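Lettered A, B, C, D, E and F in written order, each chain numbered from 1.
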Amino acid sequence: MRPSGRAPDQMRTIEMIPGFSAHAEGSCLVKFGQTHVLVTASVEDRLPPWLRGKGSGWVTAEYGMLPRATHTRGSREAAKGKQSGRTQEIQRLIGRSLRAVTDLKLLGERQITLDCDVIQADGGTRTASISGAWVALRLAIDGIMAQAAAKGTPLAGDPLATQVAAISCGVHNGQPVLDLDYVEDSDAGTDANFVLTSSGGMVEVQATAEGAPFDEETLLRLLRLARIGCNEVFAAQLKATGR
Amino acid sequence: MRPSGRAPDQMRTIEMIPGFSAHAEGSCLVKFGQTHVLVTASVEDRLPPWLRGKGSGWVTAEYGMLPRATHTRGSREAAKGKQSGRTQEIQRLIGRSLRAVTDLKLLGERQITLDCDVIQADGGTRTASISGAWVALRLAIDGIMAQAAAKGTPLAGDPLATQVAAISCGVHNGQPVLDLDYVEDSDAGTDANFVLTSSGGMVEVQATAEGAPFDEETLLRLLRLARIGCNEVFAAQLKATGR
Amino acid sequence: MRPSGRAPDQMRTIEMIPGFSAHAEGSCLVKFGQTHVLVTASVEDRLPPWLRGKGSGWVTAEYGMLPRATHTRGSREAAKGKQSGRTQEIQRLIGRSLRAVTDLKLLGERQITLDCDVIQADGGTRTASISGAWVALRLAIDGIMAQAAAKGTPLAGDPLATQVAAISCGVHNGQPVLDLDYVEDSDAGTDANFVLTSSGGMVEVQATAEGAPFDEETLLRLLRLARIGCNEVFAAQLKATGR
Amino acid sequence: MRPSGRAPDQMRTIEMIPGFSAHAEGSCLVKFGQTHVLVTASVEDRLPPWLRGKGSGWVTAEYGMLPRATHTRGSREAAKGKQSGRTQEIQRLIGRSLRAVTDLKLLGERQITLDCDVIQADGGTRTASISGAWVALRLAIDGIMAQAAAKGTPLAGDPLATQVAAISCGVHNGQPVLDLDYVEDSDAGTDANFVLTSSGGMVEVQATAEGAPFDEETLLRLLRLARIGCNEVFAAQLKATGR
Amino acid sequence: MRPSGRAPDQMRTIEMIPGFSAHAEGSCLVKFGQTHVLVTASVEDRLPPWLRGKGSGWVTAEYGMLPRATHTRGSREAAKGKQSGRTQEIQRLIGRSLRAVTDLKLLGERQITLDCDVIQADGGTRTASISGAWVALRLAIDGIMAQAAAKGTPLAGDPLATQVAAISCGVHNGQPVLDLDYVEDSDAGTDANFVLTSSGGMVEVQATAEGAPFDEETLLRLLRLARIGCNEVFAAQLKATGR
Amino acid sequence: MRPSGRAPDQMRTIEMIPGFSAHAEGSCLVKFGQTHVLVTASVEDRLPPWLRGKGSGWVTAEYGMLPRATHTRGSREAAKGKQSGRTQEIQRLIGRSLRAVTDLKLLGERQITLDCDVIQADGGTRTASISGAWVALRLAIDGIMAQAAAKGTPLAGDPLATQVAAISCGVHNGQPVLDLDYVEDSDAGTDANFVLTSSGGMVEVQATAEGAPFDEETLLRLLRLARIGCNEVFAAQLKATGR
């Protein structure tokens, strides 16, 4: 029995509020139960130095957590003067995941920065960030495509032809379960994050034994749960972006 | 005529959502029109070293802005590795303002940290932060008082007997106006922030000539507008805290 | 009775030694009693990036305090690796105050940096800095104007047509007093800094209740004291710059 | 055909030189072909604050790369003043992997720090680090056990009963291959790191699509290669530690 | 012929103003010609952690330069967020030099920090700092000894029985000269700093070839000049401390 | 009697392994007994800004120590976020020493960075670094000269016509000794580092009294020992570079 009373393959309630931010070119407030992340997509013409003049664009991500998003207050990274290793690891994962489904050539010489800020945390902030970031990115790219078309210089194709979503799974009380909340996550034997595409492929698998090592069978069962969860996210993404 | 069509002494719509955060001891999402700030109050037993063992508490504040809270993306302070001078100036002002109405002896050996994070910015983020911080602080102190009473060791009195609120005023197109939004603020001749108490006193006045110097008459007219605005904030604070 | 025996509207002895530094384009050692600040004005052709090519100049300030300028040794900011919030707040105020009386167009594409270093502190270091900075700036601009005239390309006018001065006032033992020293400042109920121009205008008012809130009447009485004090500073500035 | 001429399931030559460092309690210079990492294990009685007095020990890791370990010189992290996100990600992985096979209770109140410094890089530095770290840790724990026994207070058991090893696999030119070198790594379609134990379990799986997403079949084939590779590493570890 | 017209073995005019700072336990404004350094000695009961409870004291130094102490403005180290290698090298040298003549056992469990801040620079700031630091230290120790005696617990002896002084010498236009100013220093072939004691010993010799290597003969000639210069400094120190 | 049993003028065994690094343009693993330093020379076309377009090159050095190169583990400078004063002092000395024998005009618009990383420390790491850096630099310049000649644009001459070497000497148990190891160094009364050229000149002398001041006679005896030691190093350098 899960602490939340959910079935092993049952997600928390997903909510995706598109256009939450008044200023960003794309945005989404994504909620996986009590985990709430605000994602904004900012489009800029300025590229990182090593990409300039190559006819290609870039998608990158930054991640942060409000100090009291968590049960007890954490210190503010801006005040400490540096981002933790965990923060950097997560923002690298988010950027990589979104780039995996973006055609940077079609995007052209633009950089899109995905800011994922955790307003409230209850487990699974990195996977909620990736899932919501796709919505913000989709909306931003819709805007780029509309503007380019209006100017009579349409893009040669949609730079974001595929969806990407992420979900955490884990072994809790010996049972593989989907979409861990904080209580389960703190007590999980194995913890895994999967980043999957709507065309059925995997772009990232990260599985970690918190206690005893896991076996191949367990890895595959967690993957199966992840497919169930991501399909639910894909549907929510389509709905949020009006498709 | 103001860009927004408001009368010179007309505030933007104020909204204060108490208990917005699931984890914090007190919290408030405060909206002054399109300016949205999430304030959380975190209660800790740990005091700064110079206050330990003196029977007195402390109230402090930290301030931050999400990178895309603004019209164009700003850099993330955690990634840059330091807080700007503006950020530090604002968080010092917020802390000072709330301490001005808190009886730190009555509070006892506790520290309350007020995290003010700007989710969306349209002018007046520091004054909205102070105004919302009072609500978060009030709720946190209500909890402390209730817990102490339940343990049979009630506080000797309410550490927060008075309200504090803040508002910005300025001279726009030669006319003194109340509660500047971003468009007015960018173009104001004189810019002032007032922090007032519900008992009629001033705890902070900051007036700056952006262009030509201002005179005493102007300062007093801005103060009069600030009293109008703060009275509206005081009412909203009472409503949000159920008084 | 003030600790120093001064009358409520009596300044400390002001001394302004122009040209104290052998290398700077303008400099002034300013003394308000036992508060001693060395201000240097450095003229450079290099502008901050966002100002280049706009035909306009810039005036900025940096502030520091020698570690043992104070009663007990403070830590060295260079060794700690960052400037405190207080330091940043003060240097922003100094820069703003001097820019308020400088015509940046007339100045042309030059940057003048005002370094205000406190050699000895006894209250009022920020207001002494502003008052002395005007002298250093005046001398530097005199030099720029003389050089430009000698080259046959005189400036179209004096970029520094007005004087600016600053003074602190406060309520001590219930009495409004002028030019607080450290002993008074540590014990003041209300503390205010005024930045005024020689043409009678205000460029900055900052008033803070250290204890009980203050009222409008008090604010106006402090302003009146500030006018008395600044007039004395204006006279000292003229004498120091040989006008 | 692999650039190096190796068969798909062929490792580079492994060399593990135990006791390379004169001062460390355990050390190993590990070579996977042209990738050379020096690992030292330092035993200290001082624990991190959150572990003190709980009767348990800690194993942690730090990772670094000499500036010219790579084909072109990289900047020195100490001179830049911070560790990159990549560095932090790797050292967190190394620490986690070694803790997965260490019984921290049996270790007792000691901290062992594993410093992994890349002397020369040719792909697979993180997996070589983990593999060599086991040797350094084994030697350090052998010393702790011998000392404790000599004092007549033997440890209740061996804190390191199992081996852990890591290897990278990937898809190169459409073919799953084992132990990628730099040339293959730069050009791999999918890149995976496996951390396995000598008892057959997995402690960490990280698979990333560099280009097209990968499928379950590919993940399993990479895992199979990893088992081949880790078995070879396990044998080398035993030999290096004289078992 | 030296640019300044001085004879090869002629010092600049030395001035040592004791008690320049109102707050420090010891202080000295030292002038070697146009090089002006303010040295303060701060006495604290707090020792660095590694010295506590060993019955011994500590003398340490910090060094800084006002941004416009030099011909062109340098950046402020506090604003840059770190001290340069040059600054650290100098402050280590100053601390070492003063410790060389201080009996730390006799000093007892106190730390004296010597802050050497260059107000104006014209070559030889590190040697002027050391020379002036002796005066500030002497005055601070005089105070400690007087206070201890007044309390009836006199020190067992004078912790500063010997003088230390420093001077720079160099080869300019092929000629060994004493006490280089900035013009000479910029153009010197060999540059040397000597730290000597009043009892005739050397505590530090640093000689550097700026151009061609130097020979033993040159080193000895520079040492001879340094003895002449230091004797003059010793006399000035005695005069400044009223001996 | 020296702790190691060496004669007063006896060096430790010197070993210089050229070409130790597969990637660097020049490299050397230098061993002075148990002190082992890896030096790499990296050639880049990019010059520091202040040297660009002047037809001249640059040689610079960076120094680091692996955390467990020493008897007890030191903290990692990259993790602490800054290089110590000692590190900066040493790398400045190494750079200066090598530039003293390099003709930067002949080198042309190239920068060579000498990374000196201490793999194992037993005293004399800075002098071993300088001695080994000459070998790495020699090999890198050999490569530059060969490439330039192959392109038909030979350098006008050898930019490294002279050798440079360094050695530490000191007074141990009252006796001047050559090439101190860690045990002697910790206990030395006077400690000196000499940087000499193969043509008989000195480029740097640094002598420090750790306890009692030293006299001229001692300085000269240490210099004599240094000449003996450097001659041995010059021979090893020639052998390592195949001359």
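Observations on the structure shown:
Keep in mind that, in the parts below, contacts are C-beta pairs under 8 Å (C-beta built on N, C-alpha and C of every residue); 3 or more make two chains touch, one makes a residue touch a chain.
The model shown is predicted, which means the values in this text are computed figures rather than measured ones.
Steps from chain D to chain F, minimised over paths through touching chains, total 1. Counting hops only between chains that touch, chain C reaches chain E in a minimum of 1.
Chain centres computed from CA atoms place E at the largest separation from chain A. Superposing the C-alpha atoms of chain D onto chain E requires a rotation of 120 degrees, rounded to the nearest 5. Seen from the C-alpha centroid of chain C, the farthest chain centroid is that of D.
Centre to centre, using the average C-alpha position, chain A and chain D are separated by 29 Å.
Chain A and chain C have Cα centroids lying 51 Å from one another.
Annotation for chain B: residues touching 2 or more other chains are 81-82.
Taken chain by chain, the contacts form a single closed ring in which each chain touches exactly two others. One full turn of the ring, starting with chain D and passing chain F second, gives D, F, E, C, B, A. Residues of chain E that touch chain C in their complex: 21-24, 27, 34, 38, 40, 42, 44, 62, 64, 66-73, 76-79, 81-83, 87, 113, 115, 117, 119-120, 122. Residues 82, 84-86, 88-89, 91-92, 96, 100, 192, 196-197, 199-209, 212-216, 219-220, 223 of chain F are the ones touching chain E in the complex.
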